[in-house]
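Structures for review follow.
Across the two complexes that follow, chain A remains constant while its partner is chain B and subsequently chain C.
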Partner chain A sequence: MTGAFIAFFSLLAVAFAALVMTVRQPMRGALALCGHMVSLAAIYAALGAHVVAIFQVLVYVGAVMVFMVYTIMFLDDRDPSCRQLFSRLALPALAAALVVAGAFRWLFGELPAGAPAAAPVDIFTFSAFSLAFMKQYWFHFELATVLLLVGVVAAWAAVREGRDG
Partner chain B sequence: MIQDLVVYLLFMGYAIGFMLGLATLFTWVERKQSAVMADRIGANRCYLRLPFTNVRFVAWGLFHGIADGAKMLLKENFTPKTYDRLCYNLAPWLAAVPVLLVFAVVPFGGTLAPGRLLPQLHPFFGERSYAMQVAHMDAGILVVLSFSGIGILGTMLAGWSSNNKFSLLGAARAASQMISYEVAMGLALISLVATYGTLDLGAMVRWQSGTLFGVLPAWGIFTQPLALLLFLTAAIAENKRVPFDLPECESELVSGYFTEYTAMKMGLFMLSEFIEIVVVSALLVTMFLGGYNLPFLTDGGFVLPTGSVWHLSHPAVVLLQVATFLVKVFLAGCFMIQIRWSLPRFRYDQLMAFGWKFLMPLAAVNLVATAGVRWWLT
Partner chain C sequence: MDRYQFLVALAGLIFAMGLLGVAIRRNLLVVMMCLEIMLNAVVLSFVTFAVRSQTLSGVAMTFFIYVAASCEIALAMAIVALLVKRNGSLDLSAHQDLKG
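Moving on, here comes the complex of A and B:
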């Protein structure tokens, strides 16, 4: 039952991801991304990681996507570029996607045939998550925030340089 | 397993009936309260007539809700020329469904043992017992915040896809307002989490079934009174009701983000507003007013401050808890509706300043004070 549930939402996640790339209208692309993230959250929930599933919806759909939709809301939707079907890069992108898929196939082909059986699903509770986060991943998290800050400053500097010529 | 399926299907049915029933009742309460405050009679025209007789049941205008529903289902479903028909049709659902989902984590009763409730069910259910909650999750409060965030998407989509300046302005106002007040609400809830030491709404209710200083029920209203005020204010602002109804204010924006909606699509927006009153009232009751318990009531019966215990049978406790929750949610909802007819509307700059410059700092101060008290107590 859980396997069927995960398979269904995996297919849904792939379909929404494909829509994000192929749909030209920005609002529909954003909605497809929301659908993709909700599908991922459903997969996490089925795997017993309720905390990760909740954060997937809370952070990505409830915060990040809300701001993206807020911005798209003020775009001029009558821009002709929103009606073009595909850009000139569609075929190279498709070829690259096939190469990546082939690479994955090659990697999975290298795995031994008798893979170990999956452990029974344990519910990853919020207290377990908090302990793991504070004991094992706290430093990595803080490091990621510093890197993100550096990225924001770099983006700001690049935009400013471009504007000033 | 089949037993679990039966029980959870019943819980889901009860939860949906609870929300839709109370939401319909609140449409009548809103009309009658406004009438009482304006010295009018209020809704009294709808009636049910016994077939082939002239006997009419007016029932204080209670049937107006049914008439409203029938009207919305039967009216012309006018659709404007929009940028995006898919988004236009999707928006009412995105606004209404997340509100319904929030109730899944709210406990509407204590523990239910069907075999003890009705002896005839014992051969089927045995000694199984269930927490009266559709989804038991240890991070219940985060689920509430997650799903309430999705509702903003529906509002924005509605305003954007309507191809109307009033609607777009209403959507921009709604989104800004909902995002702003979510910060204050989140901080208020963190203070509550620090007090109870849990994110699980069921565990919060059980924590509140104790006593403070030996006599006072340990309800959130006594342990976190400021968080209650902050949560209530932020919740009314998130629900876009007076005095925070700037996104749909009739005098400026017609109906704001749902100006271009008619028939049942508009009905979904209206219904989601009333369902949100029910859900916010249920959360308020669960987190601050002892949930489904009366003072000193536990799953075993009444445990009085004097130490004496008044045992109650399992069916009596279950019925008492379900009825208590229903009455508390109804009264909390009536109070929220009362606010609508008591306060004037803010100006938009006042609304944003109130959220960012008053509510949020106050919520932060409350959080720091709570952390200080917790540290001192431990």
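Moving on, here comes the complex of A and C:
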């Protein structure tokens, strides 16, 4: 049952990613990207990684996509790039993408054996993860807050630069 | 093919699709979306390996990827808005002067 669930949402994730690449209007692309991210969240939930599924929905679908949708609404959708979708590099890019996919297949086609199941099964539930995370990664967590602050200041500086010309 | 192998293959496929989108699309915003697809593929592979080995480090890494993605999108959208204000277009070819 879990396998079928994962296969179904994998198919959806690939379909939505293809839609992002091919649709004409950026807003439709953003909606397809939301679908792609929700599909991945469903896969994480099926794997038992509940904390990642929650982060995926809260951070990506909730914050990142809202940011993107605001920007799309702010900009003009009658742009020439919405009429002529693809660049002249389409064929070389397709070849490069095939090479990358082949490289993944070659590198990870056969995963090494092992994968012990010694750790507790509920390690990725929210409460277990939070406790373990704050014990082992508290310093990294603090650094991440500094990085977020730097991001906010940098975005503010960029907007101010544009306003001042 | 077991479940984890399938998911790693899926991550590779999604990453390649994102890369293809970055290379062939002309719209700045769609290029950003394809970058997010690539980042999602990386997160998928981290989670797959973390669940397979039942260790915390892969999932902790995804947490930091989410932080970096939030910063990236905030900055990128500000820069996109600035570029469109300066050149009046979302088309990548209108920003050739960024090559230096």
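By definition in this document, the second predicted complex is superposed on the first by the 118 of 165 C-alpha atoms of A that agree within 3 Å, B and C clash if a C-alpha of one lies under 4 Å from a C-alpha of the other, contacts with A are read in each partner's own complex, and residues count from 1 in each chain.
Methods note: contacts are C-beta pairs under 8 Å (C-beta built on N, C-alpha and C of every residue); 3 or more make two chains touch, one makes a residue touch a chain.
Computed from a prediction, not measured in an experiment: that's the story for all the values here.
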(request) Examine A:F126 and indicate which partner it touches, taking first as chain B and second as chain C; both and neither are also allowed. (result) first
(request) For A:A63, decide between first (touching chain B), second (touching chain C), both and neither. (result) both
(message) So in the superposed three-chain picture, is A:V153 touching just chain B, just chain C, both, or none of them (first/second/both/neither)?
(response) neither
(message) So in the superposed three-chain picture, is A:V51 touching just chain B, just chain C, both, or none of them (first/second/both/neither)?
(response) both
(request) Check whether A:G3 is in contact with chain B, with chain C, with both or with neither, and answer first, second, both or neither. (result) second
(request) Give one of first, second, both or neither to describe whether A:L31 is in contact with chain B, with chain C, with both, or with none. (result) first
(message) Let me test your reading of the model: by the given contact rule, A:A17 touches which partner, first (chain B), second (chain C), both or neither?
(response) second
(message) If we overlay the two complexes on their shared chain A, which of chain B and chain C does A:M134 touch? Say first, second, both or neither.
(response) neither
(request) With both structures superposed, pick whichever of chain B and chain C touches the larger number of chain A residues. (result) C
(message) Identify the residues of chain A that lie in both the chain B contact region and the chain C contact region.
(response) 51, 55, 63, 70, 72, 74
(message) Taking the touch rule as given, give the residues of chain A at its contact with chain C in the complex, in rising order.
(response) 3, 6-7, 10, 13-14, 17-18, 20-21, 26, 29-30, 33, 36-37, 40, 43-44, 47-49, 51-52, 55-56, 59-60, 63-64, 67-68, 70-72, 74-76, 79-82, 84-87, 89-90, 92-94, 96-98, 100-101, 103-105, 108-111, 114-119, 121, 123-124, 129, 132-133, 136-137, 140, 144, 147-148, 150-152, 154-155, 158-159, 161-162
(request) Report the residues of chain C in contact with chain A in the complex, numbered from low to high. (result) 2-21, 23-30, 32-34, 36-37, 40, 43-44, 47-48, 50-56, 59-60, 62-64, 66-75, 77-82, 84-86, 89-93
(message) Could you list, by residue number, the parts of chain B that touch chain A in their complex?
(response) 83-84, 86-87, 90, 137-139, 142-143, 145-150, 152-153, 156-157, 159-161, 168, 171-172, 175, 179, 199
(message) Under the definition above, what is the set of chain A residues touching chain B in their complex?
(response) 25, 27-28, 31, 34, 50-51, 54-55, 57-58, 61-63, 65-66, 69-70, 72-74, 77-78, 125-127
